[in-house]
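What follows is one structure encoded as structure tokens, with my remarks underneath.
Labels run A, B, C and D following the written order; every chain starts at residue 1.
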């Protein structure tokens, strides 16, 4: 164990360091300073938290395309609940509201999936549309500035770091996390070993809900406003976490996926911020980010020759 | 039971037609309106047909939305030079993108979900660049190409050709074989890699055609053209009874039925006057219900 | 008082009757062998006993109390453990996590898992059974198949079972692994624990078991003591005497035409086989034998162009075409029946028609058009030729029995009219009747002037059907036997190990 | 085999559809059919007027207010409004117009995503004989403009001078002494966004403000906050952020970012489109100036169309009406805006009725122009106090 560890850490750090070095070389005045780094560090938490949630579902081999809609709806319900309940210790209400809504919605996802027995991708597309509509009927989330202390440093970092620790422990150090990994690895063997697969899947969705709740809480605290998206456009919120997850998977061999996801998000944010500071037009940013992701995943994916890739 | 499940999409289609024509007092089935539905469904159906070839293999193609945009942009750009160039260039764009998708999946072994999603991003950016961050108008003369008979003949040709290729040639059979069992298909002599690239190529080609049709229909290639079109295709196909795993139960009919159903729903709900805010919810419920009834659980080993 | 009593167990998989009135009684401190042809229901029976699947009917008693396990955990609580035949460990988890899968709560403290403790326990468990080369925190995907099997073995043992079931594990194990296994079995016996031991190696069974139960076609035929039992008698019990004489070829002379149809020269695939050369003649049945991991299965794949060789060549004489990929191989008239039928041989979710016609599509198409009626006819012809039991050619293969599946897999090459057939374990997991018909078919092909290459782990089969037998050991050709009357298994085995 | 039969059936239907469709094309050109259509129209006129509105979204403060305001006005006049959402995608816009016409709308209005889609939409309106008007938009392309104006059913458009909006806000930044600015804008390629951007650039060039960076496609609060933070970190000299629009979310996110980095007062913000928390954004002077309240624009389009449908068109020509957004610079203004414009309609029932020839026979186009041009916070307060 010990011997390989430094090497692994080194490999893990290559990617972010290389990206940093490139942009630093190109734009030493704008990009290099500590404050940029600090801000990027903060920004990486928000998509990471959703990605950690997503990770519990994707590790099961399932998809959840509704996470964008869930974040929006939970934030809206949470905020309006807070505003209705009084604002003395508002952010506690907000936190509870967001968390409870997200968990309930994921419970719905899991229940519908388990009951209807149709592929999760389809279930979550269908429910995504329903959640979007619901969010649009509830209205906007407008959080007063006094209640959004978790939108700024250092509180957002504390919350993010707490989420990281929780995600890490849940994924690696609990029965639930281990069983999720087992079911994702082989549903049949896990079932044979006495793992209750339906319940594990349910747990995966619920844990996803937990993190989406945190993510929606921090999102609304950070931006102050969340406006519902309709017509499936909430799926656009899925992509940033998904990208981090892809990089996390790519780095899986050398580092734990929870940390890999964070590194992935950090790298993506560095690429984007780097391009912003260089003045690269937004449109090119999209192209470059896409190609970058494809390259990272392409290099890291080494499928065995006989493996079936769909 | 399996027989019943197979015809659920058809029943759904008939039900939707009956329901909405009752609710609109027959307005739905007036010729004018049928033509509208046809107009709106053409692009979707052709797009779905292309993706059918990919999904028959059990892969996904999510790059369609941006491909529709970029091929439309290419069509409009070159239409400004010579109108004759627009269609070939739109199709060539589609083929090129299909080649890239297929190659990355078949030879670099990156899962199609990731490949096509990344390509979706890249192409969306390229679309915005190609439309000069706005939109490119089509020469007025080309608006007359948005003619019912041209579209009808294109659609019928595409359907017939695709149906022929899908059902009566080794191409379609090989592709479904890959969906049923890639290794077994390989061991029976199916050139798996070539077929994978070919499927994406067909999907790209038809999407390029869609891009052209779309530009001709709207008269503009816009930076937002085709946004989330890939999800429309996916829902339409699933609504039409397409299994995500592909294989021999993947039918080309799904593309047609699904595309028509989605167009009928959008049109019907406006005709009935369902509140705009609620239309999506209705779609969502119908979608889940249809899949629930038509999903063949017994022929899928694991539901993911 | 018997430890385990199983009565009248029935089990049907969709259309296949896997078990019929199966019964077995295991006493305390007994090592029981369980033998039978492939597909005779051994694995199904032990899967039911260990809670992996549930029976359709019948009763089980453990220590004379009713016993109906709902899961492997249930069985574990009743102190019944199993090592399954297939892969029983999950990639991506550590050795320790696999070892304690489903039992994680043992290490729960304040809701968290104490992984350090888990690793420590795992190390302890592994060491207890003499497995010293495996680290508990290693990813199990990085281990060899043998090591993964040993982990499973440890997993079944650490619950200190009253009854341990070992399902066909020894073939995957090296000498060292086997030693561990058998010494543990002895220790269990000493502690008055019982074992059900499934193996195809009859000698091994007779040596290590106290008694042996024979299964045939889903029924438990007989239970005999191993004292004074010899392999031949046991085999007769398994196969059934009446089929013995029609089973294999009756001629005892090798016979084939001069014409070479496939030429293999200096074929090497690093890590699998080295410097293999032979010629396959028209009208010849060529057997390739050896231990499972001697490289013969990979050799089969290379001949069909699926696994590129490191060096050397495979040539079809017809036009001196070199085979480098499977598309060329099929064009050169080669057909291949893979060992893993369900994953590689058949598309289970497709119909019989689709499966049979798939390789022949290029030959029945006319200017790109494949007529459905032609396809139907071809499939019908293929299905009738091998008398496949089915409701129609549109039936899904998923619901066919093992033998019929194999027939479908074979049929696709017969209708293709392949000149060269490479059959990898053609009779694996199928019943005696189908076996006989496959042997008959091979002879017919031989008569038609086709060439058949049989790769098999069963020596009796090779001796029974082949004109020549190539014996591989550790990837190298050790000996080539010509067909003759007095060729015995012992003679061949000598070159295998 | 059953599959085959069913498919054949579908094919037959498709074929016959095509054939009939082909015939009906012929038929449409024949005078007979035209008569039939006119008969249909007369029948329709008996019920309440139905106005079809194609809008980019049904969520977000701006589009919601547009819809509710139109529904209110229609209610006053005894008409109905049918809304269809297009997401600013050209294909959906065309489909929506088709569907709304098929629904039997007496008039349709749309906020077109680009000039290029106008010819097609005009053509659709022409074919169906349904009046069409644009809101929030003017046609920039002269060729397309000519084409549209040649149609008898294209009534006109209402728009704001977005370049002026950008210019005014940009100048406001300059007045506060800003020297280094960035722009955060919504969709690249959107006409409104591009015009505001042009206005800002013009103002910056004239008043000597350096444009350090720009970020587009920002529609939500969090990405806006992300972008603003990146700018703040990368450009220590930054003292102005211009938010191009996007329905309030981006503005809110930008304000949060500036607040979180304690740059209030040092970085000035201007914005188009009011956020949902207008008062808050002005409370601590985070926002130097902002424009909004232009959701009345579609209302004027509606009035144009209503008078046309009612048989008393305000003009025989294609008309363009220009209006001004409301500018807010202080909390008290914001409070008044909320009170007078948001909590009650900016035009009351009587005023709306007076804008129709049916209720006020002396109403003319120039009156409408005057009303539109006069629209401002003071105007609303003056009328309703």
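Here are a few things to note about the model shown:
In this section, a residue touches a chain if its C-beta (ideal position, glycine included) is under 8 Å from a C-beta of that chain, and two chains touch if they have at least 3 such contacts.
If you're wondering where the values come from, they're calculated on a predicted model, not measured in any experiment.
Set against one another, B-C and A-D show the most C-beta pairs in contact at A-D.
Seen from the C-alpha centroid of subunit D, the farthest chain centroid is that of C.
Chain centres here are Cα averages; for subunit B and subunit C they lie 44 Å apart.
Remark: subunit A and subunit D have CA centroids separated by 34 Å (rounded to whole angstrom).
Inter-chain spacing, taken between the CA centroids of subunit A and subunit B, is 29 Å.
Note: centroid distance subunit B to subunit D, computed from Cα atoms, is 31 Å. Taken residue by residue, subunit B touches two or more other chains at 128, 133, 183, 228, 277, whereas all remaining positions touch fewer. Taken residue by residue, subunit A touches two or more other chains at 136, 230-231, 233, 283, 286, whereas all remaining positions touch fewer. Of all residues in subunit A, those touching subunit D in their complex are 30-31, 33, 35-36, 38-40, 42-43, 46, 135-136, 140, 142, 144-145, 148, 151-153, 219, 222-231, 233, 269, 273, 276-277, 279, 281-283, 286. Interface residues of subunit C facing subunit A in the complex, by the touch rule stated above, are 51-52, 71-74, 76, 84, 87-93, 97, 101-102, 104-105, 108, 111-113, 115, 135, 137. Interface of subunit A with subunit B (complex): residues 61-63, 112, 116-123, 125-130, 132-133, 136-137, 187, 230-233, 235, 239, 242, 246, 283-291, 293-294, 297-298, 301, 303, 306-310. Subunit D contributes residues 2-3, 6-7, 10-11, 14-15, 17-18, 20-22, 24-25, 55, 58, 67, 82-85, 87-91, 93-96, 98-100, 102-104, 113-120, 123, 141, 143-144, 147, 187-189, 191, 194, 216 to its touches with subunit B in the complex. In the complex of the two chains, the subunit A residues touching subunit C come out as 1, 169, 172-175, 178-179, 181-182, 184-186, 189-195.
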